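Each of the two complexes below includes subunit A, the first together with subunit B, the second together with subunit C.
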Partner chain A sequence: MMEEKKGGTSAGGVVLPFLLGFVAALAFGWWGVPQLLFSKKTQPLVFTHQNHIELYGMSCDDCHSFRRDGSFSGLPDNAKCAECHSFPMGDHPDEIKFVEEYYEKGIEVPWLVYQYQPDNVFFSHAAHREYDCATAGCHPDVGSSNELPVYYENRLTKYSRDTMKMKDCERCHATVAAQEPERFAGAPNACQTCHK
Partner chain B sequence: MALNRRSFLTFAAGGVAGTLFTPVIWKSIDDSAIWTQNWPWIPRLEYGPRAYAATTCKLCPAGCGLNIRTAGGRPVAAEGRTDHPLSQGGICPLGAAAVQLLYAPARIKGPMQKQADGSHQPISWDEAEALLQEKLAEQKGRKDAVVCVSGDENGTINELFSALLGGLGSDGCFLMPGEQLVASKILREGSIGYDLENADFVLAFGADMLDSWGTAVRNKKAYGAAHPVGEEASAEYVYVGPTQNVTGGAADQWIAITPGMEGVLALGIAYHLLQGGMSAPQAHDFFAYRNFVINRYTPDYVERLTGVAPEQVAELARKLRTANKPLIIPGSTIAQGGGVFSFAAALSLNMLFDNVNSVGGIQVLPDLPKVVEGAKAQAQIRAKDLVAYVQGVADGKVSKPGVYLVYEANPLFALPQPDVAAKAFDGSYLVSFSTFYDETAVQADLLLPTPTFIERFDDVQTPYGSGFASYSLTRPVIRQPIFDTKPTGDVLLGVAKALDIDLGYDSFDKVLEAKVAALSELEGFFTDKVQPWEARAGKVPAAASGNLWRNISRGSFWASIQEPFPTAMQLGSTIISQTAPPDAEDWTFPVSLAAMDSRTYGSRHIAIPPFCLPLLGEQEIQGDVFYVWMNSATARAYGLQAEDKVKLAGPNGSCLAKVRIFEGVGRNMVAAPLGFGHTAWDKFSRNKGDNIYKVLTVRTEPGSNLAVWADSRVRIAKA
Partner chain C sequence: MVLYLKEFKIKWGMVIDLDRCTGCGACMVACQAENNIAPPVDASNKRYSMTWLLVYQLSNKQPYPNHDVAYMPRPCLQCGKPNCVPVCPVIATDKNQEGGIVSQVNARCIGCRYCMAACPYHARYFNWQDPVWPEGMEKTLTPDVSTRPRGVVEKCLFCHHRYMYARDKARIEGRDPNALNEGDYIPACVEMCPTGAMVFGDLQNPEHKVHKLSKSPYAFRLLERLNTKPQVYYYSKREWVRKQGDNYLEHETVGGV
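Here is the complex of A and B:
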């Protein structure tokens, strides 16, 4: 009897709780923790890349350009936006908000940057300009999107969730440097290549 | 399924197993590590828009244009301005350290007062200014009881000092010594400029024009433009000086000569030119000059004094004669302490070529209009001999002033024989307006720190050596000054008002605005399209228009090539014959001391910045010991070898150093860098080498009564 009872309950009595625990942990680990770890932030203004590109024929370079010294200007500042939007061009509330709350008051729009590099890294866009930003996997491809992605901020580290990981840099450096060692002699995986 | 202990444990085990298939553990470990990067005490980069602010450098008198790069409004680097005629994109090592100096530990953080135990204690600006006013009030009306020593050769601030002193009954507004003092003995009005860019043969006597003399960065650009890489040079440069310094090394020819003998060589060249039939009938004293030179400066005599072979002298004369636009630059290797003799002799060669106010020649430049009522003319201030005065006070021949005001100068370190200066300063109330805790500030009774040029409005009028009259401004490029400092101009205006001396302005900014407004008296232009040397060669610039202040305060460079007055041509025969050096050898101090200066070593009022220390080679300093250079023949004669310790002893002071053997030093000379041996400043600049100013010895030049020390002599011996 004892044996049988044991054996009889072992299938349902052990496997099921184990499975339940297993699944609960998976759910918690894959879904719950990210919810807890990242706070969601939205950009201060809505912005559509798609309209700018498709309706107005602009290119990435028009705003995200390289300066004459080769440094990358990153996000456009108010002055750049005001080249067109120094007064509202339409009636979208955010457009009015840009003009009245930011441009006219001389306050730069506090855009959230998905991809700031940590302080201990030196990164030059100029050296990477041959790579397509989106397909190389460094950036979210916002170029054709109608809205800006949600910004996830890691509550612990305060970094954006989309901050590139060192392994991503390393992987690419290892492959390109290995493929064309002569052309990419400056891109080995030595620490000082990227770190200050 | 009942929830019993056993099922719970199984559930937990399932949870643990499941967790291993999620990123939770690895992510937590990773994030905790990243979190440590964000601890608040870890230095952070400041993000923010990057920008450039155009301004002017005040770290030495050369007045280069700088672009201060800022990130988020915070200065991060200084670069040369491409749109500025005095820098043309270049910068010197000291200028490159400008931003680092802004944050240097040697900065004085606020007003301070000396205590009985010699230490300095912070006080408020109100207290400090009240104290200054009280000390000056005590001296008011007593003749020459207040003396100012300014290290700013070309700022309008000197007008305020001079007018304030005038109001107190004193005439004692002095500049730290420089070439402009010697030049002023020859030209009493206006100043001398050199149109380097248009010359095709440049013969520099002493002047280390590619490193530390005059408008050094502009000179380098002119030299560089004349020596394009891979092409034939369009101008020849010859350097006559004791060492193969930067200028000697870069020049097409270097001629070694003992300091002080430059003039003898110049007249040796004149001898050949005159013998060759050259004349200057437009000069009133041509015949006196001719007789004097031909009778005395014969090839043999010149060779005996200078060691330069007669053929070489004749060859130089030939080169000058065949050049289209020869330019002869007088000067001393350390841009100070030279005599009138050498200066006038070299200048007279220009006169022989009728090179005055001509393209590629020397220029007489107007002083910009004065704007402070009661101030002395710039020419008068320039002509005052601080070193002679200090010697007089130390010797008791001149009565000691009650108060010294020292502005952007470090006389207790950077005057020849600084112990004499110390004696002259001892017992008087010493007020320092220095930005940095320098040797003079350490001794001061009252410290009223002035902001750095990155934090204040200030100006630069025609730097010495420039080929044209000019004006540019420095401006605050930082939102908030870093420390509790106050622009000296404002302090002076405040204290003058309290003493009932009307200087006519409420703030220094207003003085500068008035100066800018007064520029319209001269024909000037902004150098955006046409450079001044191009204008001199015939291009027509557009006259400066628009709001002058607005433009200049945002970085525009104002220049003028207007000739101030017709200059009566004189070869200076009288002064040259009166100041000629004796031809007797000095056997007590048999070795010539060729002091060297370089912007790498800082400037007259700035110690070597930490930024520049890595530029010093191991043959310049090792540990605390610095090197003096001599050629192997000299070393052998004194039983010295490389790395030996050596003592240089002058009549009044001595220095310890190590020997570096370098054949680029003339025979029987020892070359030594200026600017080492600071005892104040911060731990980076302090206690490196020894102070050569201690060994420089002042003598009075007969005929001009000028204090000179560029030709000092020493004894050397193994230490």
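Here is the complex of A and C:
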């Protein structure tokens, strides 16, 4: 009897520290490491996509357009914004800041881009323009949002946390394109399709 | 892995007229500038030199007045059965994209150099040193071509980024990116050749000049007997050039002509 009891308590005494350590390790891995790895940055100005789309009836490619050679002009520059905002239209402090601090001084707004591709990637927006950026899972859905998400910068690589991962590209290139080779001719999973 | 002849609907290829080539080396310079190849630290060190496209000199070895030379530019020949591909342990190089260009993904290469040993044309180059650009010259780098660090193998890709841009342009203009016109996509060396010795296009497309030229009896491929089926053809009316192109011995006659 006594021996059995002794055995029981010592087993509990051994397992508990392991459990605690395990939980602590998980917490550190899931919560702590990302805190350490990424620094938070906010965009230089407040911007609402929703207002532009819903109140003023603008469409995405009024500002994010293609050049004639097929390259993507990406974010609008000051000149584009100033087509409407060359003087403050309302009284939002950031709008006044845009006009006074950036437009009138001729300084481009240092917007943070969540999705710049890594250096060894060739990516063409022209080839993907028939897909919805948000539903295809490439960009965060800022189009219908009222505020811009926080920008997480990897402290080591300086890449944005939301930079597309290769598995996101392969989700379409490897699986979908393999199922419909005719429709996706030219979008195979070949390395050089995306890498340069 | 490619151990068999890979067929593509589009096969980008070159026909290089060796009777027109003057050996000026403009193609080499164009290639170097376009593809971010750093100037050599020590240009006298031939073992470490980087030239994706190299101009060789051929000679008929006859005494004057019968002496004759020819110049032969050699990019990667984008072989139909590339020897470099099956030996790569990490699939850094492959021939799997429409167009038939043998790819090389530098970021994936582990630098074992099996591909260099396998390529019969010496078309691959190993980075012995990290590239160094003289100050200010980094501004002339092509943004669409990765720079390669020390320890990886690189080679000519027919300026693949220009292919991608030609396709993009076609898309935006509402044309089929898989049916590019002749001249939509031209590698830097071909664009720069002052004598027009290099012709580029789709070997499978009868509307492209290369299609007809490659079928000429004066066209040949380098070391044809190795059966690597390159997508680069050479063209010469001089028999001794064609013979040297395939290492024919004195007593052999060139097939076909």
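Just so we're on the same page, the second predicted complex is superposed on the first by the 188 of 196 C-alpha atoms of A that agree within 3 Å, B and C clash if a C-alpha of one lies under 4 Å from a C-alpha of the other, contacts with A are read in each partner's own complex, and residues count from 1 in each chain.
Methods note: a residue touches a chain if its C-beta (ideal position, glycine included) is under 8 Å from a C-beta of that chain, and two chains touch if they have at least 3 such contacts.
Keep in mind that what you see is a predicted model, and the values were worked out from it rather than measured.
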item	value
Fit or clash - subunit C, subunit B, common subunit A	clash
Touched partner set for A:93, first subunit B, second subunit C, both or neither	neither
Partner chain(s) touched by A:181 [first = subunit B, second = subunit C, both, neither]	neither
Partner chain in contact with A:18 - subunit B first, subunit C second, else both or neither	first
Touched partner set for A:70, first subunit B, second subunit C, both or neither	second
Subunit A residues touched by each partner, larger count belonging to subunit B or subunit C	B
Which of subunit B and subunit C A:190 touches, first, second, both or neither	second
Touching partner for A:120 - first (subunit B), second (subunit C), both, neither	both
First (subunit B), second (subunit C), both or neither touched by A:110	neither
Superposition clash, subunit B against subunit C - the stretch among 112-120, 166-174, 616-624 or 706-714 that is involved	616-624
Subunit A positions touched by subunit B in one structure and by subunit C in the second	71, 119-120
List of subunit A residues in touch with subunit B within their complex	12-14, 16-26, 28-30, 33, 37, 71, 77, 108, 116, 118-120, 154, 156-159
Partner subunit A, residues of subunit B touching it in the complex	1, 6-8, 10-19, 21-24, 27, 31-32, 34-35, 37-38, 44-45, 47, 49-50
Parts of subunit A lying in touch with subunit C, wherever the complex brings them together	66, 68-71, 119-120, 122, 124, 126-127, 185-186, 188, 190-193, 195-196
Subunit A contact footprint on subunit C (complex, rising order)	91-92, 94, 96-98, 101, 103-108, 144-146, 157, 160-161, 164-165, 167-173, 177-178
